[in-house]
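Naming follows writing order (A, B, C, D, E and F), and every chain is counted from residue 1.
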Amino acid sequence: MNSMFPNKRIQSMIGKKVHIEMKGEKSVLEGILRSVDDYLNLHMSAVNELQDGERKRLLGSVVVRGNNVVLINPMKE
Amino acid sequence: MNSMFPNKRIQSMIGKKVHIEMKGEKSVLEGILRSVDDYLNLHMSAVNELQDGERKRLLGSVVVRGNNVVLINPMKE
Amino acid sequence: MNSMFPNKRIQSMIGKKVHIEMKGEKSVLEGILRSVDDYLNLHMSAVNELQDGERKRLLGSVVVRGNNVVLINPMKE
Amino acid sequence: MNSMFPNKRIQSMIGKKVHIEMKGEKSVLEGILRSVDDYLNLHMSAVNELQDGERKRLLGSVVVRGNNVVLINPMKE
Amino acid sequence: MNSMFPNKRIQSMIGKKVHIEMKGEKSVLEGILRSVDDYLNLHMSAVNELQDGERKRLLGSVVVRGNNVVLINPMKE
Amino acid sequence: MNSMFPNKRIQSMIGKKVHIEMKGEKSVLEGILRSVDDYLNLHMSAVNELQDGERKRLLGSVVVRGNNVVLINPMKE
């Protein structure tokens, strides 16, 4: 059973594609996780904003504030 | 009377199915709790997203940010 | 005049029925307060979810994240 | 000029009637401030819930979580 | 270039009129900034609540919880 | 691969135009980043508020509370 702590689980996703659900207007993002800190602030690249499951806009490099992240989900490659 | 502290109560659910209510768009999740940290960040597996009480989508492995968790409820097995 | 500090006031409700208003979808809960920690995370039992003042669903044992609690109100018995 | 720090300003309202705007469903409360801690958690008594400026319901004794308080306003007596 | 740290920038507004955008129902306030603490809790006086850019109601003396402040903007005098 | 920590990544944007998504009513801002602290509070200048991708209003100098920032995106120049 994979029972890594939440922060270790996220660190294991660095360099990989992740799916992020957030609070606020721009609520779903997909991109490559570059780094994460203790507050779960995320540095991502090649980020796309999604709407209704469709790519809506390329944001490129993005920093996401950890407290506004609802969930992080690794993407299949 | 079971009067475990909130964090101990959640730790007692590790390895079991839990029901999670959250803030944000994807508000109800069910899955197996893998680990939890001091901020109540959760690492879960076999996670399903629910809508109106029905399974809507399989998310698989998910990390949930603790401050966006509204409540955690152990599921009957 | 009862001028207990907020955390002491909540501790005085342990073992008793409380009414909880929360942020998020499942916004009103009633149940027995089992324990509370420094963040006002709550461990409750025999919890009912309310909608428009009516009991909607029995949740049983629940842990509530303190930052998503709006207010706590002791219930008359 | 009254330039008390925010926490001192609130402590100066203890024992007096205050008007509270909050996040969440039950957004406006009026009552007597009994105590306040460093997080601006509030212990209030004789609390009324307001809707559209009218008293809607007597809540009595209430603890309010500080992070969900938007603003605190002393009431004229 | 004015590159004061965010907290110093706000301290430089003490005694002046500021425009505040907040989360919650009463979302726009204007008034004189009296003091600010490390959490960006604000003590303001002569506060007006705005709706659709118009003065709606005089609130007078107000304490605003920092985490619910979205932005602070000095007003031209 | 650019894998700067989230706070370093934001510091690398100081003096440059950034696009900010926030919680609350005034949800999209663009302007020059002047400084940032450990909480990701931002001091910005020449800030425009956007609505539906169009400039709606010039805000000028603004301090943004970090916890209400959803994402920060450097703008192409």
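Following the convention adopted for this analysis, a residue touches a chain if its C-beta (ideal position, glycine included) is under 8 Å from a C-beta of that chain, and two chains touch if they have at least 3 such contacts.
Quick caveat: nothing in here was measured; it's all calculated off a predicted structure.
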Type of chain D:chain E copy interface by residue overlap (half), same or different: different
Reference chain D; chain at largest CA-centroid distance: A
Cα-centroid distance, chain A relative to chain C, in whole angstrom: 32
Centroid distance [mean C-alpha coordinates] between chain E and chain B, Å: 37
Distance from the mean Cα position of chain F to that of chain E, given in whole angstrom: 19
Shared-contact residues (touching 2 or more other chains) in chain F: 22-23, 67
Pairwise touch network: line, ring, star, complete, or other: ring
Order around the closed ring of chains, commencing at chain E, then chain F: E, F, A, B, C, D
Residues of chain A defined as touching chain F within the complex: 14-15, 22-26, 29, 34-37, 41-43, 45, 59-65, 67-68
Footprint of chain A on chain F - complex, ascending: 1-7, 9-10, 21-23, 27-28, 40, 66-67, 69-74
